[in-house]
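In order of appearance the chains are A, B, C and D, and numbering begins at 1 in each one.
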Amino acid sequence: MSAIELSGVTKNFGPTEIIRGVDLSVRDGERHAMIGPNGAGKSTLFNLISGRLTPTAGAIRLKGEEITGLRPYEINRRGLSRSFQVTNIFPRLSVWENVRCAVLWSMGYKYSFWHNVDSLADVAERTESILRQINLLERRHFSAGVLTYAEQRALEIGITVGGGAEIILLDEPTAGMSVAEAEHAVALIRKLSEGRTLLIIEHDMSVVFNLADRISVLVYGKVIASDEPAKIKANQAVQEAYLGVAA
Amino acid sequence: MKFGWHAKLAGALALVAIPFVVPVSGADDTIKIAYVDPLSGGGASIGEVGLKTFQFLADDLNAKGGALGRKFEIVAYDNKLNAQETLVQVQKAIDSGIRIITQGNGSAFAAAISDFVTKYNERNLGKEVIYFNYAAVDPVLTNDKCSFWHFRWDANSDQKMQALTNYMKDRKNIKKIYLINQDYSFGQAVRSAAVAMLKDKRPDVEIVGDEMHPLLKITDFAPYIAKIKASGADSVITGNWGQDFALLVKAAADAGLQTDWYTYYAGGTGGPTAIKQTGLNHRVFAVGEGIPNLGYGPADEFEKAIRAKYNFSLFYPRAVNEMRMLQAAIEKAKSTEPTKIGAALEGMKFNVYDGGEGMMRADDHQFIQPLYISSFGERSAKEPFDEESTGWGWKLAGKIEAANTVLPTTCKMSRPAS
Amino acid sequence: MLELVLVSTLNGVLYGMLLFLMASGLTLIFSMMGVLNFAHASFYMLGAFFGFQISQLVGFWPGLILAPILAGFIGALIERYGLRNVHRHGHVAELLFTFGLAFVIEEIVQMIWGKLPRDYRIPPSLDFSAFTIFSTNYPAYKMFMLLFAIGIFVALLLVLTRTRVGLIIQASLTHPHMVGMLGHNVPRIFMLVFGLGCALAAVAGVIAGPALVTQSNMAALLGPILFVVVVIGGLGSLSGAFIASLLIGLLQTFAVAVNLSISDIFGVFGIHTNPLPFLSDIWRVTVAQIAPIMPYLLLVLILVFRPTGLMGTRDT
Amino acid sequence: MSERAQTASAQRSSGGLLATAARYGIWVVLAALLLTLPRIFSSSFTFTMLSLMGISIIFALSYNMLLGQTGMLSFGHAVYYGLGGFLVVHAMNTVTKYSLPIPLPLMPLVGGVAGLFFGVVFGSVSTRRGGTAFAMISLGLGELVASSALILRSFFGGEEGITTNRTKLLRIFDWNFGSQIQIYYLIAFWCLVCVIAMYALTRTPFGRMCNAVRENFERAEFVGYNSQLVRFFAFCLSGFFAGIAGGLAAINFEIVNSGYVGAEQSGSVLLAAYIGGIGFFGGPIIGAILVTWLQVMLSDITEVWQLYFGLLFVGMVMFAPFGISGLLMMHAPLWRARVLWRLVPAYLLALAAGLVMLTGASLVIEMAYHLSTKAADGPMMSFMRVAFSVHSLLPWLMAAVLLIGGYFFFRSSWPYVEGAWHDALMKARERGSAV
């Protein structure tokens, strides 16, 4: 069974067709990368899958269950979590609180107003372990807004994985990072996506081919190829449409 | 977090704001009267006129020796036209030792004070407080909600309607009447009294419209005027005051509405100016316990004196009656104890400001006095006083004797055990 | 009846145009700066009082020009030295700043001109009745107000669609962040737009002052309605503000003319007992009585069913 | 307590008598303070004032659940306060009429339930949107309810309102609640309970998610939370506490009228919360105390009190958007590092300068006011017990000198404050108490 299954997904903004009938299948447990030139609609596709936008036509299934048109939190509760290309955190909350907010729902505390949040040992433990993994434990008392860019990107990933979702969508997690920072981030992603399904948008081809089990190529709102890295490299259409242009 | 010098400036400002001290009121040997009315915000224009009137009256009485050799002192409290604030200020006055309260603007606040004072006196025997109402006209205050501790010097709205309809009874040119009033208890009282009394006194007159509009919310009365016009009314009865009156008349003039206006508060601040602007010469009538141009000597003297000091005319002849009767009551009771003042006032007969005799009815503490209907317009030699520098003035149209303003009361007065 | 309808329509349109004069300035400011200027009606009041003061000295017509300029200038100063500093603290702080400003302006107006209504007169040249519908005079001044307001509306439309400034402003209606990128001095544009918006409100004040009442509470009376207009029209939409202004003007004027109550409506169907004894008042209240709260009712309904307002595109 | 400090305390290993004492100590101290206040002040007006402050504290804190905690700017919070008050008065009258065995101290709960109920009703309409739209809907709803209050007379009693008598209910411990001191204790009790409850609420998962929604409502949806629902719950709970405050006000005044639900009431709670500081739990408490005091007392000192009040508010928005509590908390690291005293000389200097400037400004305001509004009283007026004529030049010159001189004095004293601040901060950093 596929973790994510898109069939005939279309999205129009007014008269403009941004996503033009995408069929895509992300297998359970794989690391799947999405590449494509700028403006191909990669982020829009993420927004459609995660519920930020509603498709004009087509169906999206999560683990076989239809999620088309559901609100983001409903999709999140079904086990999908995403990060954003533009850092999207809780700027005036502490780093600790940022991650804890992401942890609370999945641990069953929901809208509870009868628990003291500071004395929830399980939440604290999980938050701490995530902060350790993203290397921000030392900075936990700082406001998220004052972190460095790379730290904020790491926090973004921390929030994304905090809820323990089985399916993770990462939108350009290494964008704007130095080479060293990016390497570090990739290692982190590799570690965190262990045992989960990962769908990642990435521009850095070395990252893509290094990390991904399979790659899909999105060009002008259509998936033109979806295959293993080696076969994508060899794919004629991709060469023409994407790599040819990029090179 | 970085804070600029501005932030720190604000800190300093906040610190400075704190140590304001509570002012102490003047000498202790005076008879203090707490004046609780709006002195800021929208109602302040009215409240300030009242305050100055009372201060003028206190000075006037003090010049004649005060009462029991003590001087009167008016202490102002700003009720901000808010019922909660009214009670807070009354409490404040009581706590600073004042035991006579006067207030007039707004029957709602009057009812609140009357209720508060009554409960307070029940709970604090020996420290009673008395409340003099100089302008709140809701009949209920001297009927179902009457209290021993409340005294009213203004004619209540039913009495005023009684006077108005007595006058209208003989005006045969009235055929169709339109009622327009503010949608709150006073406006309701005016309209129901008008309907009942007209039915009784002029069954031939047709009430062609009965409008209630929201209180102090209308900026353009043109739609209402269009309606009055469409109804074919020849006279309008309204209890509107303040801007609701001024704007109403202005809109009427704009639309060329030619009707007579029978009003309660045409003389209120801003009213005369609005009437003059519209050019409704002697077509606006008002009912009240006195006007400047009656030709009564002592009143004319007083009028001249107050006009010389302030640039307004005496809007509250009833305040004169109130203060003078307070002085008389204190002298009579030989005490400033509210309980004794109250007892002395009950049934007291008094020569009122504009001549003639008035009486504080013991049954309900409603002052019974002669009422006058007057019209506003160009003056002859008999009318020396104009209003708000418009050149126009009030002219007597009819006098209703005190006896004809008496209405039954439902009050069951409960008096303090003595 | 026809007379009532005609007069009500004229009055409604007039009131609507007056609202639009103010709402246009408010909308412009909101579109550009994202600030819902709570003190906007205060500039309307300032316009009326400046107009009054100038008319005392040199007459009504100079006031019509000078008062808005003066108010606009004050508005620009307030933007430059007040609002701009608050900007970095976010929109809530800006909204609160203008909220406090409205408070302060009212107090200052009271200090200078007192709390009584001022005798702001219609210029003698317009103090006659323009025409008579059936038997109702329609004052020339109201006609002038109507034409003047329409004139401003047309001028505004031309400026916005035909001039460079207008294009920049329009660009920022839809893409507030782009204008800055295009190299325009955004703070200065903000200042000018704020001044212009305030001047527009002041124009409304100058011409409405003599017709309505010129008093220190005039801002508080009109302010809330103004917000209703721009929110119903759709925040940031000029055409929406125009439609909403007329809608509310007509709605309020016509509601006054209707004497129906719920009991009358039920009476048509033969139901004469009140199903809600506890709230018997609802049963008796006529449409005319609730005319002034109709805009708020409309506001709530619009926002429930069409959250962006009538013509709004931007989600607030 | 700042967010940071809170998390820090959370990190501390829990357990231990000391930790428990530290955790609950503040409430015990507060309770003791509330009990002893009446012994410190004896005038009966103090009880009135303290009662008003207590009501205002609950109301302002309930408001801050919206503005400060969840980021919802409401212009119509008085609706829930007022409706709570109305329901309490109706309940009290009903209880009295049928002699039901319900004592007065339980009545505020009726207000709370009423506030909660209307919070649910109106909240379901208004919390669908955040930001400016929410603010405008709250304004519209506020106007709607306030205007309806005058129209629906049988429930709201018109503009006269409805009165009640608090002494006629079932008595317990022989307290009839006639005197202000007994009412003070009643309000103090409820105030303490509500403050603790609202503080506790901020420490729950729900409370934290309110902050998350305030910060970034969209992100909150991507971690599983329905932002709209969070706003709705916050709104309802806030209505609950506002209803309790309204109920207490109704008991205190024994009258409710349409003013309770009006824009003025909504505005003053906004001012109180903001001036006190919406970023800290205790901010609105400070604001409620200060604003109540100013509202009651400032009008005795000057008739243009609203102008000062407005200027104070605008000044706070411009220069201290974190409110008084923000200004205080700014000094917390210095306090912890025991270097706060280093600021005292510079502050005193700036304070003196600021006072001179303020005196000048308020002299100008008072003289202008006297000239414009009190011309009829003659040119004589007094300021700070000094009598003079506003027609003479000297006082105006004085005012100008004070104002302008004070301003430059203040500006020139400022580098000292900056310097002292910088030094103190450095010292604090050395000691590791500030970052």
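Heads up, the rule we're going with is that a residue touches a chain if its C-beta (ideal position, glycine included) is under 8 Å from a C-beta of that chain, and two chains touch if they have at least 3 such contacts.
These figures come from a predicted structure and were not determined experimentally.
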**Fill in**
Common contacts of chain C and chain D, by label, are B
**Reference chain C; chain at largest CA-centroid distance** = A
**Item:** Chain pair with the higher count of C-beta pairs in contact (B-D, A-D)
**Value:** B-D
**Request:** Please report how many Å separate the Cα centroid of chain A from that of chain C, as a whole number.
**Result:** 47
**Message:** Quick check: how many Å separate the C-alpha centres of chain A and chain B?
**Reply:** 72
**Prompt:** What is the distance in Å between the mean C-alpha positions of chain A and chain D?
**Reply:** 43
**Prompt:** Just how far, in Å, is the C-alpha centre of chain D from the one of chain B?
**Reply:** 35
**Sequence positions of chain A contacting 2 or more other chains** = none
**Message:** Where in chain D do residues touch two or more of the other chains?
**Reply:** 147, 151, 304, 306, 318, 373
**Request:** Name the residues of chain B that each touch 2 or more other chains.
**Result:** 6, 44, 48, 183, 214, 217
**Asked** Hey, which chains are touching each other here?
**Response** A-D, B-C, B-D, C-D
**Asked** What residues on chain D touch chain A, complex-wise?
**Response** 3-4, 6-11, 14, 200-201, 203-209, 211-212, 215-216, 218-227, 229-230, 233, 237, 435
**Request:** Spell out the part of chain A that touches chain D in their complex, as residue ranges.
**Result:** 50, 52, 71-73, 76-77, 81-82, 84, 88-94, 96-97, 100-102, 104-106, 109-120, 124, 140-143, 159, 162-163
**Request:** Mind listing the chain B positions that touch chain D in their complex?
**Result:** 1, 3-18, 20, 22-23, 39-41, 44, 48, 52, 77-78, 80, 82-85, 87-88, 91-92, 95-96, 106-108, 111-112, 115-116, 119, 122-123, 138, 183-185, 188, 214-215, 217, 309-311
**Message:** Can you tell me which positions in chain C touch chain B when the two form their complex?
**Reply:** 1, 3-4, 7-8, 11-12, 14-15, 85, 110, 114-117, 119, 121, 129, 132, 135-139, 141-142, 211-213, 215-218, 220-222, 252-254, 256-257, 288-289, 291-293
**Prompt:** chain C touches which residues of chain D in the complex?
**Reply:** 67, 71, 73, 125-126, 128-129, 131-133, 135-137, 139-141, 143-144, 147-148, 151-155, 263, 267, 270, 274, 304, 306-307, 309-311, 313-314, 317-318, 321, 365, 368-369, 372-373
